[in-house]
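Paired with chain B in one complex and with chain C in the other, chain A is shared by the two complexes that follow.
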Partner chain A sequence: MPKIIYVDPDGTRHVVDAPDGTSLMQAAVANGVEGVLGECGGSAMCATCHVYVDPADGGRLPELGADEDEMLDSTASPRTTASRLSCQLTASEDLDGLVVRLPEEQI
Partner chain B sequence: MVGAGQAGVQAALSLRHGGFDGAVTVIGDEPELPYQRPPLSKEFLADPGQQPLPLRAERFYDAHDIRLLRGERVVTLDRAAREVHLGSGGRLAFDHLVLALGARNRTLPVPGHDADGVLTLRTLRDAERLRDRLAGATSAVVVGGGFIGLEFASVARARGIPTLLVEAGERTMARAVSPAVSGFLTAGHRRAGVRILLGTTVRRLLARRGRVVGVETDDGRRHPADLVLVAVGAVPNVGLAAGAGLPTADGILVDACLRTPDPRVFAVGDCARYPSPAVGSPVRLESVQNAADHGRCVAETLLRGQPTPYRAVPWFWSDQGELRLQIAGVPTGAERAVLRGDPDAGAFSVFSFVAGRLVAVESVNRPADHLAARRLLADGRPLTPEQAADPSFDLRSHSRSRPEPGPPAVS
Partner chain C sequence: MSTGSAMSTGSAMSTPSATLGATVELARLWSDPYPIYRELRRREPVAWVPAANRYLVARHRDVVALERDPETFSAAERDSLMIRVMGHTMIRKDGAAHARERAAAEPPMRPRVVANHWTTLFQRTADELVDGLYDRGEADLLRDFAGPYAARNLGLVLGLPDAAPADLQEWSQAMMDATGNYVDDPTVWRRSQTAAQQVDDAIDDVLGHLRRRPDESVISAMLHATDPLSVEEIRANVKVIIGGGLNEPRDSLAVGAWALLTHPEQRAAVEADPSLWRRAFEETVRWVSPIGMYPRQTTREVVLGGTRIEAGARIGVLIGSANRDETVFADPDRFDLHRKPNSHVAFGGGPHFCLGSWLARSQVSQVAWPTLFRRLPGLQLAPEPEVELGGWVFRGVLNLPVRWTP
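Moving on to the complex of A and B:
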């Protein structure tokens, strides 16, 4: 099962087993990673599952969708080139070991 | 908090995040860990591999010292004693009580409504049952063309199941969207192969040996079905409040700060009817945004020790096959509707105005319009119908600019 490493703003690391096919938002919420909310349930509607993925890892991720791109403009913490919505990222072996940094705020 | 849906759980965790150090108890009548409902009519239904999505992990409640009572019902509210009586026999005392009681599905008052294979959709258990039945269904009838009915119809149709939708009104989603959007949605579902009958009611459900085999509509025609989803709206759960002498009228009546006349008792989410500055009249809304923002607002009031008015702009969404509908504000009752974009291209928004003021925007596959609308409505920044209709007008920049001083734009 792919492992995803979520890193809090204070540096705390949460290593989570993310079953294939679940989103990185779902995996975080189900495992008590509090820095991810996912208030809309994963429909790219609320921008409360904002994460930062190192641009060096960007090639492992799907391209930004139109909905995701728009929603990222309304995140609580600043958007950067590393910003993604974790509900739009699906766990797979390709993402094993991915490091995902969490923002200060989601609301 | 009585109720462990999005509103009750949000109120509890906002209290803890805000530093509240008293006891917090959330009482829910379902056995599961509190979970997300929106996926139940969408991904969860479409994909048998999908697990329910908890609102928070179980350990979260312990970590934040939130006592979660599952599978527990509150049967009586004794305001004088400041206690609730539990179905299991115990009592709980409170200083403040948040009623997050939700709503329950309407039933169809026709013969055969209790036949096997006649289902409804609200809870996780409902969704599991529906998903199981969907796997073996050969034809489906959906009664009701609202959010749930249309979302289910597109899932059923995508699985190749012949699907008929029967709607009593003259258009789909009439309570939630403008006529233009209704028409677009209806046409889209028909193109995808869903049969839709408007202005038609179900006279009876036909059963054989206790199992549903079809429906009979008011024109006397019979339509075969081994799966019938009844999706004809919801009624708020007000019994606990009414039994305690609190005023109700299609919802528990609360003030602008979501308080009942008893200053210790609040009502939030689907069960609350409140005066909304964003809508302009007392409303009761059934949505995730409404529930979560209500929970936050009440927590704020309790944390600050002074009433906090609720001002959030309502928003809603629905995913129906290739159609992504996003709504900001409440579009019903508009005096003027302006189109932006191209329905024929499958991407457009309808901007609704009352007395020249923007009140709502419905967007189909136009997420940028939706987000601009949320910002405009939240800030009260003027937008004229002419600007809304002008494709060269930069809506995004306008919604992000600082409100201009001076007289409002002519409308």
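Moving on to the complex of A and C:
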């Protein structure tokens, strides 16, 4: 099963088994990673699943979707080139070991 | 605002057990629910409350857990009075049936359309209302500004630009009062039937035009969706948006303005740094959540917060209490826009997460507050009458007398 590493703003690391096909938002929430809220349940409407993926790792991810891009303009913590919505990223072997940094706030 | 008290179906004495839930009275919840919520969180976080005929869920963590499990906590409540009043709207559906209607209505409420299209129109609404009030030097901000402002904006967003704000407010209140009419008061039914008929008529008036000429409105989006909604579905969903999209922006606008007028340091901070308006909004809806409770029904037996709940039980999700949970928010009764993080649940969660959250943020925190505080010099609370608050299902200030120096 792919492992995803979520890193809190204070550096705390959460290594999570993310079953193939679940979103990185769902995997975080199911494993008590509190820095991801995922309020809208993954429909790209709330912007509370914002994460940063290091540009070096970004090549492993699909391109930004239109809804995702739009929603990232409304995040509570600043948008950067590393910003993604974790509900729009699906776990797979390709993402094994991915490091995902969490923002300071989601609302 | 009377929905809370209208929910009573029996007295607290009908259950023999001496539980805390059995002592909860709706009239006390209506006047100030927060001390009761604090006790519930501490002693009976999932409580059977006979007066509400529901289990009330008071803690933040249990509310969040429930919102993440829509299969168990269904929105399709049986004998729903809302369905009787409005027809079968998306807010009382689950799964694919819900997703389909929501997808049709969503595009006009996404943040980019809000920023690029609606915000300019909201600004015009705000400026016109301020122009009309300015010379008076005093007003009740709830009645004279927040109500007509939210109503006018909602009419524009829906695609009913000719509906008078006063009519929209009457329709909204009449239908929402009827969704809480558990005592079966015939005058409440009659008033809501009249309102529902007038909404249907107003929709009929615009359908032909919007069929031919699509625009940015919600009714247009429903008509022209990939999977379009029927006229009956449009009627029901427009009603739920009128019921749920007017009083909440109105109340958050008025409560937040009151909070800023009574917390001079925080007011000075937002006036100096406009990026703080959005924080003020999040803190306002946390502090006095416009929707304090919404209903669910269990589809199976489940244990929540240590309490066993039977299948088919009615649940009241107390987001107004979750947002004051001391294990999540330090000093939760204090209004503090600098709170960080502020993980409130005022917009609900899961598949029914508020469709209007970006509209509300724009109307209230990007447009209304900055306009009022900038354009009304020396804006301050009038010494009387005293500001009163009421409600628990829906909560807000009941008046907001202010003055300024024209």
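Note that in this section the second predicted complex is superposed on the first by the 107 of 107 C-alpha atoms of A that agree within 3 Å, B and C clash if a C-alpha of one lies under 4 Å from a C-alpha of the other, contacts with A are read in each partner's own complex, and residues count from 1 in each chain.
The rule is simple: a residue touches a chain if its C-beta (ideal position, glycine included) is under 8 Å from a C-beta of that chain, and two chains touch if they have at least 3 such contacts.
Since the model is a prediction, treat every value here as computed from it, not as a measurement.
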Clash or fit, chain B versus chain C on superposed chain A: clash
Partner chain(s) touched by A:21 [first = chain B, second = chain C, both, neither]: first
Chain A residues touched - chain C or chain B, whichever exceeds: B
Touching partner for A:29 - first (chain B), second (chain C), both, neither: both
First, second, both or neither for A:2, with chain B first and chain C second: neither
First (chain B), second (chain C), both or neither touched by A:104: second
Touched partner set for A:70, first chain B, second chain C, both or neither: both
Offending stretch of chain C which, after superposing on A, collides with chain B (from 135-143, 189-197, 225-233 or 261-269): 225-233
Interface residues of chain A shared between complexes with chain B and chain C: 29, 39-41, 43, 45-46, 67, 70-71, 73-74, 107
In the complex with chain B, residue positions of chain A that touch it: 21-22, 26, 29-32, 34, 38-43, 45-46, 66-67, 70-71, 73-74, 107
Chain C residues within the chain A interface of the complex: 67-68, 70, 106, 110-112, 115, 282, 340-345, 347-351, 353, 355, 357-358
Chain A to chain C touching residues, read off their complex: 29, 37, 39-41, 43, 45-47, 67, 70-71, 73-74, 104-107
Touch list for chain B against partner chain A, complex: 6, 36-39, 42-43, 49, 51, 53-60, 63, 288-289, 292, 296, 315, 317, 319, 324, 326, 367-368, 370-371, 374-375
